[in-house]
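Which chain is which? They are A, B, C and D, in the order written, and residues in each are numbered from 1.
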Amino acid sequence: MTALTLRAAVNAGLARALEGDDKVLLMGEDIGKLGGVFRVTDGLQQRFGAQRVIDTPLAEAGIVGTAVGLALRGYRPVVEIQFDGFVYPAFDQIVCQVAKLHYRSNGRIRMPLVLRIPWAGGVGAAEHHSESPEAYFVHTAGLRVVAASNPQDAYVMLRQAVASDDPVIFFEPKRLYHSKGEVDLDVDLADAPPMHLAHVAREGTDATIVTYGAQVRTALDAALAAEDEGVSLEVIDLRSLSPIDMNTVAASVRKTGRVVVTHEAAREAGVGAEIVASVTEQCFEYLEAPPERVTGHDIPYPPSKLEKHHVPDLDRILHAVDRVLERGAGSEVLS
Amino acid sequence: MTALTLRAAVNAGLARALEGDDKVLLMGEDIGKLGGVFRVTDGLQQRFGAQRVIDTPLAEAGIVGTAVGLALRGYRPVVEIQFDGFVYPAFDQIVCQVAKLHYRSNGRIRMPLVLRIPWAGGVGAAEHHSESPEAYFVHTAGLRVVAASNPQDAYVMLRQAVASDDPVIFFEPKRLYHSKGEVDLDVDLADAPPMHLAHVAREGTDATIVTYGAQVRTALDAALAAEDEGVSLEVIDLRSLSPIDMNTVAASVRKTGRVVVTHEAAREAGVGAEIVASVTEQCFEYLEAPPERVTGHDIPYPPSKLEKHHVPDLDRILHAVDRVLERGAGSEVLS
Amino acid sequence: MTYTQTRDSSTGRRPDEAGPDVDDVARVLEPDGTRVADATLDPWIADLSPHELRALHRDMALTRRLDAEGVALQRQGQLALWAPCRGQEATQVGTAHALAPGDFVFPSYREHGVLLGRGAKPADYVLAWRGEEHSAYDHTTINAAPPQIIIGAQSLHATGWAMGAQRDGSTDVAVAYYGDGATSQGDVNEAMVFASSFRAPVVFVCSNNQWAISEPVTVQAKYPIAGRAPGFGIPSMRIDGNDALACVAAMRWALDRARRGEGPSFIEAVTYRMGPHTTSDDPTRYRDAGEVEAWTRRDPIARLEAYLRAEGVLDDSALDEVARAADTLAAEVRAACIGATTREPATMFDHVYAEPHAGVERQKAEYVEYLAGFEK
Amino acid sequence: MTYTQTRDSSTGRRPDEAGPDVDDVARVLEPDGTRVADATLDPWIADLSPHELRALHRDMALTRRLDAEGVALQRQGQLALWAPCRGQEATQVGTAHALAPGDFVFPSYREHGVLLGRGAKPADYVLAWRGEEHSAYDHTTINAAPPQIIIGAQSLHATGWAMGAQRDGSTDVAVAYYGDGATSQGDVNEAMVFASSFRAPVVFVCSNNQWAISEPVTVQAKYPIAGRAPGFGIPSMRIDGNDALACVAAMRWALDRARRGEGPSFIEAVTYRMGPHTTSDDPTRYRDAGEVEAWTRRDPIARLEAYLRAEGVLDDSALDEVARAADTLAAEVRAACIGATTREPATMFDHVYAEPHAGVERQKAEYVEYLAGFEK
């Protein structure tokens, strides 16, 4: 095991993927000499050459569209979208081509393409640099969507994503890029938990918090705070948003009877809506209180000085926990 | 009152809008001489001239992006996207500009822009011509999203959308273009129900069906069939998908205690997920059975010969009604 | 340093609202079939044998017959839709004839003659238009991507494929086919940027058939479309797209550049869509009969036929044989169409993903069970 | 008809991997400030008065000082980020000086000198970079759209605005500012298509500062960017973007065309980003000190200063006055920045919609109530 930041873990995963298969290519803006604006691809062009680590022209549709063509020729392109908010120019290529070519061709064409997206807010960035677009992709059949919440997952899931014959949207939480964790670089992918399974990040009995990405950290912090108040929270890190591992979620909710879903993206028709709907459909008789969603508001991402009021924090999560626990005014976890 | 097809109703609404305000412009591919591939703009270029009914180059980002500029100059552009599946090239302009310029400018810039989208399937069309992309827009703060289900609404809501100072995504169900209904062309917009309110299309007591667009027709057919079996279904036509009029939905569910949501779009993180989640949150104690979603499958829209298995029909809705009514094998509405 | 507007190089005239002159093109066959010299094109077709010339003519005739059958099948309710290519046979077949087997084409929905040139089977032309499949054929057997409906998207796929071929050290070339309307799309321009930046072995073939549904080409471009590519560093030719020999020649020029590592080329083939946009379209709403009539006199098949007859390469009996072959193909296509059976509904859940996906599998199982309920 | 690759018109040389020659530009001031003749540019600046020349110089000096203050404020933690424009003052201020009040600019994030030219107030430069607002200023008071972050998107907005101005029968012109990197985006190319098709009164100003973050311009274009527009029917000029007089002249040429109904024009201003891409960037990772050093000798302000001194238009005392004015502006900007207060959190729910929206109102009420809970 090695202690690595999430950023270094992705870098290591990319290096391993490039080493392991000549067909793996990296593409993106500024990923070469600069190593990407987050330095995630640091050193890779130097090591693997400009034919495999490709600085592309500044055009996201172009990057994804040419990646589709490369995949058709047998390559496995790993694309970096520089920031979450710059994925939209490529939306047509993603939704109409990346997601549908396998289906369109009755399975004859494979799209082993990974789109890495530095993702979400909380880092004091300018407009368009803190977006949480995951629901768009979750709603799009044909795509797999995953979100890493720690260095080990980032390393393993990145390698699994590259190995997958399906297109994978791979979200990397920006505000965890610098956070460290132990990573087993020699992990056998076959032994690692498959990318589509959720992970019970913490066991608990009173209520379930379902989340993903950087919010896993916040939820774990909330669970720690709740513990002091004698409340036992189970925290589920979804890891995969398409498919969603409802078995793990439902098993937890059947146990706790109460659920809070939290994410940074807008609430309306977000991933949280799907979780609440599925939980209700599958665990109806077990629910002891209405589920709660703690999400970004239904507003454009605000100016960064206000973002702490937008990205759900520990307090807002605990507030919702209070509600699902139907605790009276005198006994808030929050207090 | 005049009997008009939905298509003719939109045409009449556009004509009225063009007459009433010099700043209203129509833009799109083939909307001029041809009158659009669905003939929705038939005769309008001839009547209002090529400066106001503009055949644009074949580029959706270009159409929406120039419409943004026209709005900045004080115009009120009404854009036709030729088919649902061709809105994606404009996605970046819609999500990053149309939806956010009012917010970005602290309310100083207004975006009174309407995007008309011939929408959804069931018409035997080729790939990309039967998409239901509404959830993407519902999840995007800053946009209003409405869907017409009948000629009267199409006429009134189109005019309301043009009059609105907010951007409106206006969905026109293709498979109802030829269906007729009575339209009051002289309606006073101030008296008409505002665009953001849902409509109880049929009252009932046993269960609530929540839907929108062409599925309203299917739901009403289902309600009629259920009536024969002694089951009384309430049908809610949402009309507006952003905002969603949850007051009307919740009032109905509190009355019936059971709810089926149906739409053509994919299920995962779709509008139905939002409705089920919101209903659960707001009507938890009233729910007598888990809500049901009857939606398009989580697959790309299939080849048209198979579409009848994808677009939810009367039978699939009644099947779900059976489930929410917890009716045993012997007593299906469906039988 | 000032750049001025593109001028029609042969006449010095500045194109105006009427649009670029359709006769300002490179050609070697006049509309009446007279062979004329063109220094740029001639070297590329000097070696065409009578056998090759007959094959070219034959494929064009087959394309026309196939296209007529498509229209007929649609009229008879056997197809949901058809996009006729009548008038564009020289562009489609001529360029396809220049290809090597390892080259890969990225066609739009209208390129029936390109598919024919690539060796498509009868069913390949019709199953998608019938609504049975999104894409009928196996892309690996005819080295053609599924026909693209999203206007212009395939230009980027071709460019990416070419970047792959380049990395493989092969001499395979990618070819993107699209229309005049498509040139307005961002994707098509981004493809030129990428192709130029990476010197990708890709050929862009723009079939300028004068119309994008009801919009004349002047809505997209008041100047020759071929004038755009050079600004991106991509040499281009504007050719008579109804002159099959010019099409072969231009394509060979472009393919040769690509194979020699010189990068992308652009071909604007000036042609005409004789029929409606699709069988759902009514072109009388937006264009004059006179215009169509004028283009009849530039017919690509009649032109090649006149030339080949004059050269003694084609005679009545050969033409009869071609007509029979065309009828046979049409009959096969018809049979493949009418004989098609619709897949089991449950198959619509297949191939959403290449690897197991719990969500789709559950929905499939539920739907199969649901359907079984009706059989009880 | 064959189109060949864009050649450097002055030298006949075919650009290669090294990229287009930065000296192959139209200019009237040599790097050392010597005035040279240019038949195309000269007529447009013949009437520039000493007063106007001093104003031009002054605004460039102010821009540089303002930019330095932005960097300093960021280093001191007062701004989250800053995108320096050092080296690009001539392009920004020169083009802005040519504008009429009714013209409307669509800037990118780096165009501080354009905003200055439009009459921005001190706070206008910094509140967005501080994270207080997405866009600080009122677009109607300085006739400038909010700075655009989505690369190239504003090119379409400018084109649409110009279509509106055209419909109003006014002579107002829209100006889109973007970088060399932006020219690869679909939007920027679609804007050329629309502008050409509708003959919209819009000017595209591409500040080719040689870099898009770490990517040299050759990743986007191996040939002069100004060579692209003509293919779309848009005349263009490639000018020395560090020559303020050339910038005024080219912009006047373009604006005049637009006002006379001749439609769009394109200006490639060849300049250099002397600083990092933003304060977060470390350019030593990707470019040589030698390159930066070489561009120092082409400095736009020193150049104009040398010329104006030689002409007797500017002397030491005038320069002192400019320096004082610059310091005053910097102090005002600093004060506006440091004095900024962050809005009430509840205001983040405002202006999502222009008309009442139940969903947002409910969320606002809930959040206000939630916050109030902490105050108990």
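Following the convention adopted for this analysis, a residue touches a chain if its C-beta (ideal position, glycine included) is under 8 Å from a C-beta of that chain, and two chains touch if they have at least 3 such contacts.
On a predicted model such as this, the values are computed, not experimentally measured, just so you know.
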Review point. Of the pairs B-C, B-D or A-C, which one shares over half of its contact pairs with A-D?
Key: B-C
Practice item. Determine which of the two chain pairs, B-D or B-C, is joined by the larger number of C-beta pairs in contact. Key: B-D
**Study point:** Most distant chain from chain A, judged by the mean position of its C-alpha atoms
**Key:** C
Review point. How far is the middle of chain C from the middle of chain D, if each middle is the mean of its Cα atoms, in Å?
Key: 42
Review point. Could you state the distance in Å from the CA-based centre of chain A to that of chain B?
Key: 30
Review point. Per the centroid of Cα atoms for each chain, what is the distance between chain B and chain D, given in Å?
Key: 41
Study note, to complete from the structure: In whole angstrom, the CA-centroid distance of chain B from chain C equals 36
Review point. What are the residue numbers in chain C that touch two or more other chains?
Key: 133-134, 150, 184-187, 190, 193, 197, 219-220, 352, 359-360
Practice item. Quick one: which residues in chain B touch 2 or more of the other chains? Key: 56-57, 59, 61-62, 85, 88-89, 92, 96, 100, 103-104, 127-128, 141-142, 242, 244, 268, 297-300
Practice item. Going by the contact rule at the top, pick out the chain D residues touching chain B in the complex. Key: 104, 106, 133-135, 138-140, 145-146, 150, 153, 155-165, 167-168, 174, 186-187, 190-191, 193-194, 197, 350-355, 357-360
Study note, to complete from the structure: In their shared complex, chain D is touched by residues of chain B numbered 25, 51, 56-57, 59, 61-62, 64-75, 77, 89, 92-93, 96-97, 100-111, 141-142, 144, 164-166, 196, 242-245
Review point. So in the complex, which bits of chain C are touching chain B?
Key: 80-81, 109, 128-134, 149-151, 181-182, 184-187, 212-215, 219-220, 280-281, 285-286, 342-343, 345, 347-349, 352, 359-360, 363, 367, 370, 373-374
**Study point:** chain D-facing residues of chain C, complex
**Key:** 1-6, 9-10, 15, 24-26, 40, 183-187, 189-190, 193, 196-197, 218-224, 226-239
Practice item. Would you mind writing out the residues of chain A in touch with chain B in their complex? Key: 61, 85, 88-89, 91-92, 95-96, 99-100, 103-104, 127-128, 135-136, 138-142, 242, 244, 265-266, 268-274, 276-278, 280-282, 284, 287, 289-293, 297-300
